[in-house]
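Chain naming follows the written order as A, B and C, and within any one chain the residues start at number 1.
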Amino acid sequence: MDSVLIDVVTGDRPAVLDITGRVAAFCAGRGDGLVHVFVPHATCGVAIFETGAGSDVDLLASLDTLFPRDDRWRHRHGSPGHGADHVMPAIVAPAISVPVIAGSLALGTWQSITIVDPNGDNPKRRVRLSFLRG
Amino acid sequence: MDSVLIDVVTGDRPAVLDITGRVAAFCAGRGDGLVHVFVPHATCGVAIFETGAGSDVDLLASLDTLFPRDDRWRHRHGSPGHGADHVMPAIVAPAISVPVIAGSLALGTWQSITIVDPNGDNPKRRVRLSFLRG
Amino acid sequence: MDSVLIDVVTGDRPAVLDITGRVAAFCAGRGDGLVHVFVPHATCGVAIFETGAGSDVDLLASLDTLFPRDDRWRHRHGSPGHGADHVMPAIVAPAISVPVIAGSLALGTWQSITIVDPNGDNPKRRVRLSFLRG
(Lines give C-alpha, C1' and ligand atoms only; values in the text may rest on other atoms or scores of the structure.)
Protein backbone atom coordinates (compact mmCIF):
# COMPACT_ATOMS: atom_id res chain seq x y z
CA MET A 1 0.00 0.00 0.00
CA ASP A 2 1.28 3.44 -0.95
CA SER A 3 0.15 6.12 1.49
CA VAL A 4 0.81 9.86 1.71
CA LEU A 5 -0.30 12.75 3.89
CA ILE A 6 -1.20 15.92 2.03
CA ASP A 7 -1.80 19.38 3.48
CA VAL A 8 -5.00 21.23 2.73
CA VAL A 9 -6.39 24.61 3.75
CA THR A 10 -10.06 24.63 4.71
CA GLY A 11 -9.93 28.18 6.09
CA ASP A 12 -11.34 29.89 9.16
CA ARG A 13 -15.02 29.39 8.33
CA PRO A 14 -17.11 26.25 7.82
CA ALA A 15 -16.08 24.88 4.43
CA VAL A 16 -16.40 22.15 1.85
CA LEU A 17 -13.08 21.70 0.04
CA ASP A 18 -12.99 19.88 -3.29
CA ILE A 19 -9.87 17.68 -3.40
CA THR A 20 -10.78 15.60 -6.45
CA GLY A 21 -7.84 16.91 -8.48
CA ARG A 22 -5.33 16.05 -5.79
CA VAL A 23 -6.72 12.54 -5.33
CA ALA A 24 -6.70 12.04 -9.10
CA ALA A 25 -3.07 13.14 -9.28
CA PHE A 26 -2.15 10.64 -6.56
CA CYS A 27 -3.82 7.81 -8.50
CA ALA A 28 -2.44 8.63 -11.94
CA GLY A 29 -0.37 5.82 -13.42
CA ARG A 30 -1.30 3.30 -10.72
CA GLY A 31 -3.54 0.91 -12.65
CA ASP A 32 -6.59 -0.69 -10.99
CA GLY A 33 -7.34 -0.52 -7.28
CA LEU A 34 -9.05 1.45 -4.56
CA VAL A 35 -8.01 4.84 -3.28
CA HIS A 36 -8.80 5.42 0.39
CA VAL A 37 -9.28 9.00 1.59
CA PHE A 38 -8.99 9.62 5.32
CA VAL A 39 -8.95 12.77 7.45
CA PRO A 40 -7.08 12.28 10.74
CA HIS A 41 -9.14 14.94 12.51
CA ALA A 42 -12.06 14.67 14.93
CA THR A 43 -14.15 17.49 13.41
CA CYS A 44 -13.92 16.73 9.66
CA GLY A 45 -15.57 14.32 7.28
CA VAL A 46 -15.15 13.16 3.69
CA ALA A 47 -18.09 13.41 1.31
CA ILE A 48 -18.62 12.63 -2.35
CA PHE A 49 -21.25 14.83 -3.97
CA GLU A 50 -21.68 17.58 -6.55
CA THR A 51 -19.86 20.83 -5.87
CA GLY A 52 -20.10 24.20 -7.59
CA ALA A 53 -23.88 24.30 -8.13
CA GLY A 54 -24.90 25.32 -4.61
CA SER A 55 -24.90 21.97 -2.85
CA ASP A 56 -21.75 22.71 -0.86
CA VAL A 57 -23.53 25.69 0.74
CA ASP A 58 -26.66 23.54 1.11
CA LEU A 59 -24.71 20.84 2.94
CA LEU A 60 -23.22 23.26 5.45
CA ALA A 61 -26.68 24.75 6.06
CA SER A 62 -28.16 21.27 6.51
CA LEU A 63 -25.48 20.36 9.03
CA ASP A 64 -26.36 23.49 11.02
CA THR A 65 -29.99 22.37 11.03
CA LEU A 66 -29.22 18.76 11.96
CA PHE A 67 -26.65 19.73 14.61
CA PRO A 68 -27.62 23.22 15.84
CA ARG A 69 -24.86 25.44 17.23
CA ASP A 70 -26.61 26.08 20.51
CA ASP A 71 -25.94 25.13 24.13
CA ARG A 72 -27.27 21.55 23.95
CA TRP A 73 -23.86 19.91 23.72
CA ARG A 74 -22.10 18.17 26.59
CA HIS A 75 -18.82 18.73 24.80
CA ARG A 76 -17.92 22.22 26.04
CA HIS A 77 -14.47 22.93 24.61
CA GLY A 78 -13.87 25.57 21.93
CA SER A 79 -16.25 28.12 20.40
CA PRO A 80 -19.97 28.20 21.31
CA GLY A 81 -21.77 25.33 19.60
CA HIS A 82 -18.48 23.58 18.75
CA GLY A 83 -19.91 20.37 20.24
CA ALA A 84 -21.86 20.07 16.98
CA ASP A 85 -18.58 19.71 15.04
CA HIS A 86 -17.63 16.71 17.16
CA VAL A 87 -20.83 14.80 16.40
CA MET A 88 -20.74 15.41 12.65
CA PRO A 89 -18.07 12.76 11.80
CA ALA A 90 -20.42 10.02 13.01
CA ILE A 91 -22.69 11.04 10.12
CA VAL A 92 -20.22 12.39 7.56
CA ALA A 93 -17.49 9.84 8.18
CA PRO A 94 -13.77 10.69 7.96
CA ALA A 95 -13.08 7.84 5.51
CA ILE A 96 -14.24 6.80 2.05
CA SER A 97 -12.89 4.63 -0.77
CA VAL A 98 -13.22 5.17 -4.52
CA PRO A 99 -12.50 2.67 -7.29
CA VAL A 100 -9.58 3.46 -9.59
CA ILE A 101 -9.54 1.99 -13.09
CA ALA A 102 -6.37 2.28 -15.19
CA GLY A 103 -5.13 5.06 -12.92
CA SER A 104 -8.32 7.14 -13.15
CA LEU A 105 -10.97 7.76 -10.49
CA ALA A 106 -14.15 5.90 -11.45
CA LEU A 107 -16.36 8.77 -10.29
CA GLY A 108 -19.64 9.74 -11.91
CA THR A 109 -19.82 12.92 -13.98
CA TRP A 110 -21.12 15.09 -11.15
CA GLN A 111 -19.24 13.55 -8.24
CA SER A 112 -16.42 15.32 -6.41
CA ILE A 113 -14.39 14.15 -3.44
CA THR A 114 -14.55 16.75 -0.68
CA ILE A 115 -13.40 17.50 2.83
CA VAL A 116 -16.29 18.73 4.97
CA ASP A 117 -14.94 20.95 7.74
CA PRO A 118 -17.56 22.80 9.81
CA ASN A 119 -14.90 23.90 12.29
CA GLY A 120 -13.47 27.33 11.49
CA ASP A 121 -10.98 27.13 14.36
CA ASN A 122 -8.64 24.76 12.46
CA PRO A 123 -7.88 26.32 9.07
CA LYS A 124 -5.16 23.80 8.14
CA ARG A 125 -5.85 20.09 7.83
CA ARG A 126 -4.14 16.95 6.63
CA VAL A 127 -5.60 14.22 4.45
CA ARG A 128 -4.18 10.70 4.09
CA LEU A 129 -4.44 9.12 0.65
CA SER A 130 -3.72 5.39 0.34
CA PHE A 131 -3.77 3.20 -2.74
CA LEU A 132 -4.62 -0.50 -2.60
CA ARG A 133 -3.99 -2.66 -5.63
CA GLY A 134 -6.47 -5.17 -4.22
CA MET B 1 -8.87 -6.03 -8.52
CA ASP B 2 -11.84 -7.31 -10.49
CA SER B 3 -14.41 -4.59 -11.13
CA VAL B 4 -17.70 -4.55 -13.04
CA LEU B 5 -20.49 -2.06 -13.70
CA ILE B 6 -23.99 -3.43 -13.34
CA ASP B 7 -27.25 -1.80 -14.42
CA VAL B 8 -30.08 -1.37 -11.93
CA VAL B 9 -33.55 0.11 -12.15
CA THR B 10 -34.56 2.28 -9.20
CA GLY B 11 -37.69 3.59 -10.94
CA ASP B 12 -39.33 6.99 -11.22
CA ARG B 13 -40.09 7.46 -7.53
CA PRO B 14 -37.81 7.66 -4.47
CA ALA B 15 -36.66 4.10 -3.85
CA VAL B 16 -34.53 1.74 -1.83
CA LEU B 17 -33.33 -1.10 -4.07
CA ASP B 18 -32.01 -4.30 -2.47
CA ILE B 19 -28.99 -5.51 -4.49
CA THR B 20 -27.70 -8.10 -2.01
CA GLY B 21 -28.30 -10.99 -4.42
CA ARG B 22 -26.37 -9.35 -7.22
CA VAL B 23 -23.43 -8.50 -4.97
CA ALA B 24 -23.44 -12.04 -3.60
CA ALA B 25 -23.39 -13.45 -7.14
CA PHE B 26 -20.40 -11.26 -8.01
CA CYS B 27 -18.48 -12.54 -4.97
CA ALA B 28 -19.27 -16.25 -5.35
CA GLY B 29 -16.19 -18.39 -5.78
CA ARG B 30 -13.74 -15.60 -5.02
CA GLY B 31 -12.43 -16.66 -1.60
CA ASP B 32 -11.62 -14.08 1.09
CA GLY B 33 -11.54 -10.34 0.51
CA LEU B 34 -13.59 -7.16 0.51
CA VAL B 35 -16.30 -6.27 -1.96
CA HIS B 36 -16.61 -2.55 -2.62
CA VAL B 37 -19.98 -1.20 -3.75
CA PHE B 38 -19.99 2.21 -5.41
CA VAL B 39 -22.68 4.26 -7.17
CA PRO B 40 -21.21 6.70 -9.72
CA HIS B 41 -24.13 9.13 -9.32
CA ALA B 42 -24.46 12.40 -7.42
CA THR B 43 -27.92 11.73 -6.00
CA CYS B 44 -27.63 8.12 -4.76
CA GLY B 45 -26.17 6.42 -1.75
CA VAL B 46 -25.40 2.88 -0.59
CA ALA B 47 -26.85 1.66 2.71
CA ILE B 48 -26.75 -1.60 4.62
CA PHE B 49 -29.83 -2.18 6.73
CA GLU B 50 -32.89 -4.40 7.05
CA THR B 51 -35.30 -4.34 4.14
CA GLY B 52 -38.78 -5.80 3.81
CA ALA B 53 -40.10 -5.01 7.31
CA GLY B 54 -40.92 -1.34 6.76
CA SER B 55 -37.52 0.26 7.29
CA ASP B 56 -37.02 1.05 3.60
CA VAL B 57 -40.16 3.21 3.69
CA ASP B 58 -39.05 4.59 7.06
CA LEU B 59 -35.67 5.59 5.64
CA LEU B 60 -37.17 7.49 2.70
CA ALA B 61 -39.56 9.26 5.10
CA SER B 62 -36.66 10.15 7.41
CA LEU B 63 -34.66 11.57 4.52
CA ASP B 64 -37.62 13.79 3.62
CA THR B 65 -37.68 15.04 7.21
CA LEU B 66 -33.92 15.59 7.43
CA PHE B 67 -33.71 17.22 3.97
CA PRO B 68 -37.15 18.76 3.29
CA ARG B 69 -38.21 19.13 -0.34
CA ASP B 70 -38.92 22.84 -0.05
CA ASP B 71 -37.34 25.97 -1.49
CA ARG B 72 -34.41 26.19 0.95
CA TRP B 73 -31.84 24.79 -1.49
CA ARG B 74 -29.32 26.85 -3.39
CA HIS B 75 -29.06 24.05 -5.92
CA ARG B 76 -31.94 24.97 -8.26
CA HIS B 77 -31.72 22.46 -11.11
CA GLY B 78 -34.39 19.78 -11.66
CA SER B 79 -37.70 19.21 -9.89
CA PRO B 80 -38.78 21.36 -6.90
CA GLY B 81 -36.85 20.30 -3.80
CA HIS B 82 -34.32 18.35 -5.87
CA GLY B 83 -31.53 20.18 -4.03
CA ALA B 84 -32.24 17.77 -1.15
CA ASP B 85 -31.16 14.83 -3.32
CA HIS B 86 -27.77 16.43 -3.86
CA VAL B 87 -27.04 16.79 -0.15
CA MET B 88 -28.07 13.25 0.76
CA PRO B 89 -24.88 11.49 -0.45
CA ALA B 90 -22.85 13.38 2.16
CA ILE B 91 -24.88 11.48 4.76
CA VAL B 92 -25.73 8.25 2.93
CA ALA B 93 -22.40 7.84 1.15
CA PRO B 94 -22.11 6.37 -2.36
CA ALA B 95 -19.53 3.79 -1.26
CA ILE B 96 -19.35 0.92 1.22
CA SER B 97 -17.25 -2.24 1.65
CA VAL B 98 -18.34 -5.62 2.97
CA PRO B 99 -16.12 -8.52 4.04
CA VAL B 100 -16.28 -11.67 1.94
CA ILE B 101 -15.33 -14.99 3.50
CA ALA B 102 -14.90 -18.04 1.27
CA GLY B 103 -16.87 -16.31 -1.48
CA SER B 104 -19.83 -15.38 0.75
CA LEU B 105 -20.87 -11.97 2.03
CA ALA B 106 -20.20 -11.79 5.78
CA LEU B 107 -23.44 -9.89 6.43
CA GLY B 108 -25.55 -10.27 9.53
CA THR B 109 -28.87 -12.09 9.31
CA TRP B 110 -30.96 -8.94 8.83
CA GLN B 111 -28.56 -6.89 6.75
CA SER B 112 -29.15 -6.13 3.09
CA ILE B 113 -27.03 -4.04 0.70
CA THR B 114 -29.18 -1.36 -0.89
CA ILE B 115 -29.09 1.55 -3.30
CA VAL B 116 -30.85 4.57 -1.81
CA ASP B 117 -32.18 6.74 -4.62
CA PRO B 118 -34.46 9.63 -3.57
CA ASN B 119 -34.36 11.05 -7.10
CA GLY B 120 -37.26 9.87 -9.25
CA ASP B 121 -35.95 11.70 -12.30
CA ASN B 122 -33.25 9.07 -12.99
CA PRO B 123 -34.93 5.65 -13.08
CA LYS B 124 -31.85 3.79 -14.37
CA ARG B 125 -28.60 3.68 -12.45
CA ARG B 126 -25.27 1.90 -12.54
CA VAL B 127 -23.41 0.30 -9.65
CA ARG B 128 -19.71 -0.58 -9.64
CA LEU B 129 -18.74 -3.75 -7.79
CA SER B 130 -15.03 -4.33 -7.09
CA PHE B 131 -13.37 -7.24 -5.34
CA LEU B 132 -10.11 -6.88 -3.41
CA ARG B 133 -8.28 -9.97 -2.28
CA GLY B 134 -6.45 -7.87 0.31
CA MET C 1 -6.95 -11.06 4.08
CA ASP C 2 -6.91 -11.90 7.78
CA SER C 3 -10.34 -11.59 9.37
CA VAL C 4 -11.62 -12.24 12.89
CA LEU C 5 -14.89 -11.86 14.76
CA ILE C 6 -14.62 -10.33 18.21
CA ASP C 7 -17.28 -10.19 20.91
CA VAL C 8 -18.22 -6.87 22.48
CA VAL C 9 -20.71 -5.84 25.15
CA THR C 10 -22.69 -2.69 24.39
CA GLY C 11 -25.08 -3.22 27.29
CA ASP C 12 -28.83 -2.87 27.74
CA ARG C 13 -29.05 0.85 27.06
CA PRO C 14 -28.14 2.96 23.99
CA ALA C 15 -24.35 3.08 23.94
CA VAL C 16 -21.22 4.18 22.17
CA LEU C 17 -18.46 1.63 22.76
CA ASP C 18 -14.84 2.62 22.12
CA ILE C 19 -13.04 -0.33 20.49
CA THR C 20 -9.88 1.49 19.41
CA GLY C 21 -7.65 -0.59 21.66
CA ARG C 22 -8.98 -3.86 20.31
CA VAL C 23 -8.60 -2.75 16.70
CA ALA C 24 -5.07 -1.53 17.42
CA ALA C 25 -4.18 -4.88 18.99
CA PHE C 26 -5.46 -6.70 15.90
CA CYS C 27 -3.26 -4.53 13.63
CA ALA C 28 -0.07 -4.67 15.69
CA GLY C 29 2.85 -6.18 13.79
CA ARG C 30 1.04 -6.25 10.45
CA GLY C 31 2.89 -3.53 8.52
CA ASP C 32 1.05 -1.24 6.10
CA GLY C 33 -2.54 -1.76 4.98
CA LEU C 34 -6.15 -1.00 5.75
CA VAL C 35 -8.15 -2.35 8.65
CA HIS C 36 -11.85 -2.81 7.91
CA VAL C 37 -14.29 -2.68 10.82
CA PHE C 38 -17.73 -4.18 10.24
CA VAL C 39 -20.69 -4.86 12.53
CA PRO C 40 -22.87 -7.71 11.25
CA HIS C 41 -26.00 -6.31 12.91
CA ALA C 42 -28.94 -4.35 11.51
CA THR C 43 -29.18 -1.83 14.37
CA CYS C 44 -25.54 -0.83 14.90
CA GLY C 45 -23.08 1.47 13.18
CA VAL C 46 -19.37 2.23 13.30
CA ALA C 47 -18.24 5.80 13.91
CA ILE C 48 -14.88 7.49 14.30
CA PHE C 49 -14.99 10.54 16.54
CA GLU C 50 -13.78 11.86 19.88
CA THR C 51 -14.95 9.97 22.94
CA GLY C 52 -14.66 10.82 26.63
CA ALA C 53 -15.37 14.57 26.41
CA GLY C 54 -19.15 14.40 26.11
CA SER C 55 -19.56 13.76 22.39
CA ASP C 56 -20.64 10.15 22.87
CA VAL C 57 -23.61 11.35 24.92
CA ASP C 58 -24.15 14.14 22.39
CA LEU C 59 -24.25 11.65 19.51
CA LEU C 60 -26.87 9.46 21.17
CA ALA C 61 -28.97 12.56 21.94
CA SER C 62 -28.62 13.74 18.32
CA LEU C 63 -29.73 10.36 17.01
CA ASP C 64 -32.84 10.58 19.20
CA THR C 65 -33.58 13.99 17.69
CA LEU C 66 -32.92 12.90 14.10
CA PHE C 67 -34.84 9.60 14.49
CA PRO C 68 -37.42 10.18 17.25
CA ARG C 69 -38.57 7.15 19.24
CA ASP C 70 -42.25 7.74 18.57
CA ASP C 71 -44.92 5.89 16.60
CA ARG C 72 -43.94 7.15 13.14
CA TRP C 73 -42.14 3.97 12.10
CA ARG C 74 -43.54 1.35 9.76
CA HIS C 75 -41.14 -1.15 11.29
CA ARG C 76 -43.19 -2.36 14.27
CA HIS C 77 -41.13 -5.14 15.84
CA GLY C 78 -39.48 -4.77 19.25
CA SER C 79 -39.72 -1.98 21.82
CA PRO C 80 -41.67 1.25 21.12
CA GLY C 81 -39.70 3.47 18.77
CA HIS C 82 -37.36 0.61 17.81
CA GLY C 83 -38.00 1.40 14.14
CA ALA C 84 -35.58 4.30 14.64
CA ASP C 85 -32.76 1.85 15.36
CA HIS C 86 -33.30 0.20 11.98
CA VAL C 87 -32.95 3.43 10.02
CA MET C 88 -29.80 4.60 11.81
CA PRO C 89 -27.32 2.32 9.95
CA ALA C 90 -28.16 4.10 6.68
CA ILE C 91 -26.64 7.21 8.28
CA VAL C 92 -24.09 5.73 10.69
CA ALA C 93 -22.92 2.91 8.44
CA PRO C 94 -21.90 -0.52 9.79
CA ALA C 95 -18.52 -0.41 7.99
CA ILE C 96 -15.45 1.80 7.97
CA SER C 97 -11.77 1.43 7.01
CA VAL C 98 -8.75 2.98 8.68
CA PRO C 99 -5.18 3.18 7.32
CA VAL C 100 -2.54 1.20 9.17
CA ILE C 101 1.08 2.29 8.92
CA ALA C 102 3.81 0.00 10.27
CA GLY C 103 1.23 -1.87 12.32
CA SER C 104 -0.27 1.25 13.92
CA LEU C 105 -3.65 2.87 13.30
CA ALA C 106 -3.12 6.16 11.46
CA LEU C 107 -5.81 7.91 13.50
CA GLY C 108 -5.70 11.54 14.52
CA THR C 109 -5.01 12.46 18.13
CA TRP C 110 -8.68 12.79 19.09
CA GLN C 111 -10.16 10.03 16.96
CA SER C 112 -11.53 6.81 18.40
CA ILE C 113 -13.16 3.88 16.60
CA THR C 114 -16.56 3.18 18.14
CA ILE C 115 -19.58 0.94 17.87
CA VAL C 116 -22.78 2.98 17.97
CA ASP C 117 -25.59 0.85 19.34
CA PRO C 118 -28.86 2.66 20.08
CA ASN C 119 -30.63 -0.65 20.65
CA GLY C 120 -30.67 -1.69 24.30
CA ASP C 121 -32.39 -4.99 23.53
CA ASN C 122 -29.17 -6.60 22.22
CA PRO C 123 -26.47 -6.16 24.86
CA LYS C 124 -23.96 -8.47 23.15
CA ARG C 125 -22.62 -7.79 19.67
CA ARG C 126 -19.94 -9.05 17.33
CA VAL C 127 -17.50 -7.01 15.28
CA ARG C 128 -15.54 -8.30 12.27
CA LEU C 129 -12.02 -6.94 11.86
CA SER C 130 -10.25 -7.57 8.55
CA PHE C 131 -6.78 -6.56 7.47
CA LEU C 132 -5.87 -5.86 3.84
CA ARG C 133 -2.25 -5.50 2.88
CA GLY C 134 -3.35 -3.69 -0.29
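We take it that contacts are C-beta pairs under 8 Å (C-beta built on N, C-alpha and C of every residue); 3 or more make two chains touch, one makes a residue touch a chain.
Just so you know, these numbers come straight off a predicted model, no measurement behind them.
Q: Between subunit A and subunit B, two copies of one chain sequence, what rotation angle (nearest 5 degrees) aligns their Cα atoms?
A: Subunit A sits rotated relative to subunit B by 120 degrees.
Q: Taking all residue numbers at the subunit A to subunit C contact, is the shared part over half or under half, that is, same or different?
A: At the contact between subunit A and subunit C, which are copies of one sequence, the residues are largely different (under half shared).
Q: Distance-wise, how many Å sit between the C-alpha centres of subunit A and subunit C, to the nearest whole number?
A: Computed from C-alpha means, the inter-chain centre distance equals 20 Å.
Q: Going by the touch rule set out above, which residues of subunit C reach two or more other chains?
A: Touching at least two other chains: 33, 66, 91, 93, 97, 132-134.
Q: Help me check something: in the complex, which residues belonging to subunit C touch subunit B?
A: 1, 3, 33, 36, 38-42, 66-67, 72-77, 83, 86-87, 89-91, 93-95, 97, 128, 130-134
Q: Where on subunit A does subunit B make contact in their complex?
A: Interface residues on subunit A, with respect to subunit B: 32-34, 45, 47-50, 53-55, 57-59, 61-62, 66, 91-93, 96-99, 101, 106-111, 116, 132-134.
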